[in-house]
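Note that subunit A is present in both complexes that follow, paired respectively with subunit B and with subunit C.
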Partner chain A sequence: MKKLTQLGMVFGMVVSASALAGPEEDRTAFQNFYEKRFPQVVEGDFINGVYSILPGAREQWEAIEEFPPYEVAIEEGEELYNTVFANGKSLADCFDTPAQRENYPYWDSEKGKVVTMEQAVNDCRVANGEKPYKTKKGALAAVSAYMSYESRGQAINVVIPDDPAAIAAYNEGKELFYTKRGQLNFSCSDCHMYGAGLNARADTMSPAFGHASHWPVYRSKWQAMGTLHRRFAGCNTNIRAKPFKAQGTEYSNLEYFLTYMSNGLEFNGPGARK
Partner chain B sequence: MIIKSLLAGAVLAASTMATADAVEQGKAIAFDRKKGNCLTCHQMEGGTLAGNWGPPIMAMKARYPNKADLREQIWDPTKRNPMTSMPPFGRNGILTEEEIDLVVEFVHSL
Partner chain C sequence: MFKGLVGAVILGSAMLANASQSADAVIAAATEANKQAKSLGYEWNVTGKAIKAAQAALKAGNEAEALKLAEHAKYMAEASIFQAGDEKKNWMLRVPK
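This part shows the complex of A and B:
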């Protein structure tokens, strides 16, 4: 009972805050929080994640970036992008250019849901009679790496249209970000807002400002590429919360919120991380 | 008389031993990554590779003259601070009641 009341309190706070402030105000407050906390980070550099606040680790990382571990994935992705389906078409027929990052995620009012770039790739496959790719790694991460590489330098500019359903999706993403979950009782914000810059054991926790800029990522721990939703699932599993489905509504709404929070920064994927 | 005080001495020694033992057991639970994993966030004497998410744990007898308050902080820290990132070890069943008792013995010794 006590647990329920406390949860109710937190929900109440989130909801009443969102009733007062719209996405625009949220974003200003969010970005100000990180700019105040890390005044040393030069404008635009939050796209480099934890390396934007750790000069020591940054040198090592820059050395890795000289021979990027995601290069193979980019090549593989380009090949897949141009590979002909059974019906004679290819992914290239669904998009006017592979440089698509700046168009995603977006609110699709006909479908009534948020569509991510990875979802659009799978939608294209399905529309052409192919099976969708698995959503956390492998072929989809490779195609995403190629498309992200082609999109480097585009501005993050997610739009939340003045449509109650779109705003509801944004608010769901926001709530997921701020709500404590799992046996260990953490919210994303516990670690990536209030905890940003602090150390959990030897790991410094990155600011969430810039989180959505550089996907997919080659992670040394994975020894492979992974999508943003793979990372969400990993962070949820770490706190002993049941992860949601990659490319399902929850994580797509979370990506919608999180990417919108980084509006004004640049897309710089794919990335390399520890 | 003599026998009585001898007995009392033996009992005293036994209970000190039990406590020392509890402190050691509590320490093992506190440092175990699958149990307390307190070092993720707190520096504690005897532990290495500690994080700095929470305050260093020291002078606990002075900070918590009453052991029950310390137990409460570990059982459910959200009571004192609903926004804290410290996990509710008792309330969410991360540790058992007995494990928490042992961790309290250890932490109170710091």
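This part shows the complex of A and C:
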């Protein structure tokens, strides 16, 4: 009995230490997990999602990438980026360059929230008297595709400032990643960490390391482009959980956590996936 | 897992206790519980539909069917609340060290 209690205490301590570990320790442990699990993946290649661990499917995917299905979206996005609003301004006036990926997501201490690149695009529109774009697909995904394309090769380098509110947002994203939800009772980590490389129905589940690198994505299943938050919502729906709102606090914090976990990799969006 | 089972048993007996209630009352209870699950961020996407199905059955005058559907909806709403509480305590077990 005494032994059990001691064991319980030790276990409890280890657990609370990791739950409270700072972002940097989290990231090291997170990246180590995948590097140990998939030692065959060469450095930096996790940005290619499931294809980093599936050599067979990769060939097919590389053939698709030769005539990328997201090309139309990039062109459309460039046009929208330069389209003049009713007030004479445009998105181009809000950003010094379309190559913005490396600056997002970031903690905005004035607004007291995480701002994603897609949110910044919508904020720009609203500030200029335009309606915000819908947040999962369409125009916003196109603008995002153009900006991501211009940002290719930038380093993922999310900063979590030493500000309790920023750390709280990060921790909320972290908790969301590790909590089981929905009628099927799965966490993101169940599938994309402990289940990475295993099959869920017809799909092999990708490692979460690299998950945030390549958005938006042209997905064959959608026959269209979709934002990262569209994907989050899809994965939540699949386990029969009510998804959160795209660009709402929950998914923005999740993006903050998930992108930070991939610090050190490169942005390579837009992407193509099954 | 064990706790999950205990929870299911408790919820199961709560369901039996409801057997004498009206469909209307159980629908109201399911709706209330689902609201709570939502505020916790743990609403299941099947619960709202189940509540609607119960309401439709009631409207069509099928009280027994409505009661059955409502009890199932209430069970799911309560299970998602249980899940929220359980996860608050356990999610950190999955964080790699």
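Brief remarks follow.
By our rule, the second predicted complex is superposed on the first by the 255 of 274 C-alpha atoms of A that agree within 3 Å, B and C clash if a C-alpha of one lies under 4 Å from a C-alpha of the other, contacts with A are read in each partner's own complex, and residues count from 1 in each chain.
FYI, contacts are C-beta pairs under 8 Å (C-beta built on N, C-alpha and C of every residue); 3 or more make two chains touch, one makes a residue touch a chain.
Treat the numbers as computed from the prediction; the structure is a model and nothing was measured.
Applying the stated contact rule after C-alpha superposition, one finds that A:N185 touches each of subunit B and subunit C. When the shared chain is aligned, subunit B comes close enough to touch A:N199, but subunit C does not. When the two complexes are overlaid, the chain among subunit B and subunit C that reaches more residues of subunit A is C. Of the two partner chains placed by superposition, only subunit C is touched by A:T237; subunit B is not. Residues 183, 185, 190, 194 of subunit A lie in contact with subunit B in one complex and with subunit C in the other.
Subunit A meets subunit B in the complex at residues 3, 6, 9-10, 183-186, 190-191, 194-195, 198-203.
Of all residues in subunit B, those touching subunit A in their complex are 39-41, 49-53, 78, 82-83, 85, 87-88, 91-94. Taken in their complex, subunit A has these residues touching subunit C: 14-19, 21, 26, 29-30, 32-33, 174-175, 178-183, 185, 187, 189-190, 193-194, 237, 240-244, 250.
Of all residues in subunit C, those touching subunit A in their complex are 38, 41-46, 48, 76, 79-80, 83, 87, 91-97.
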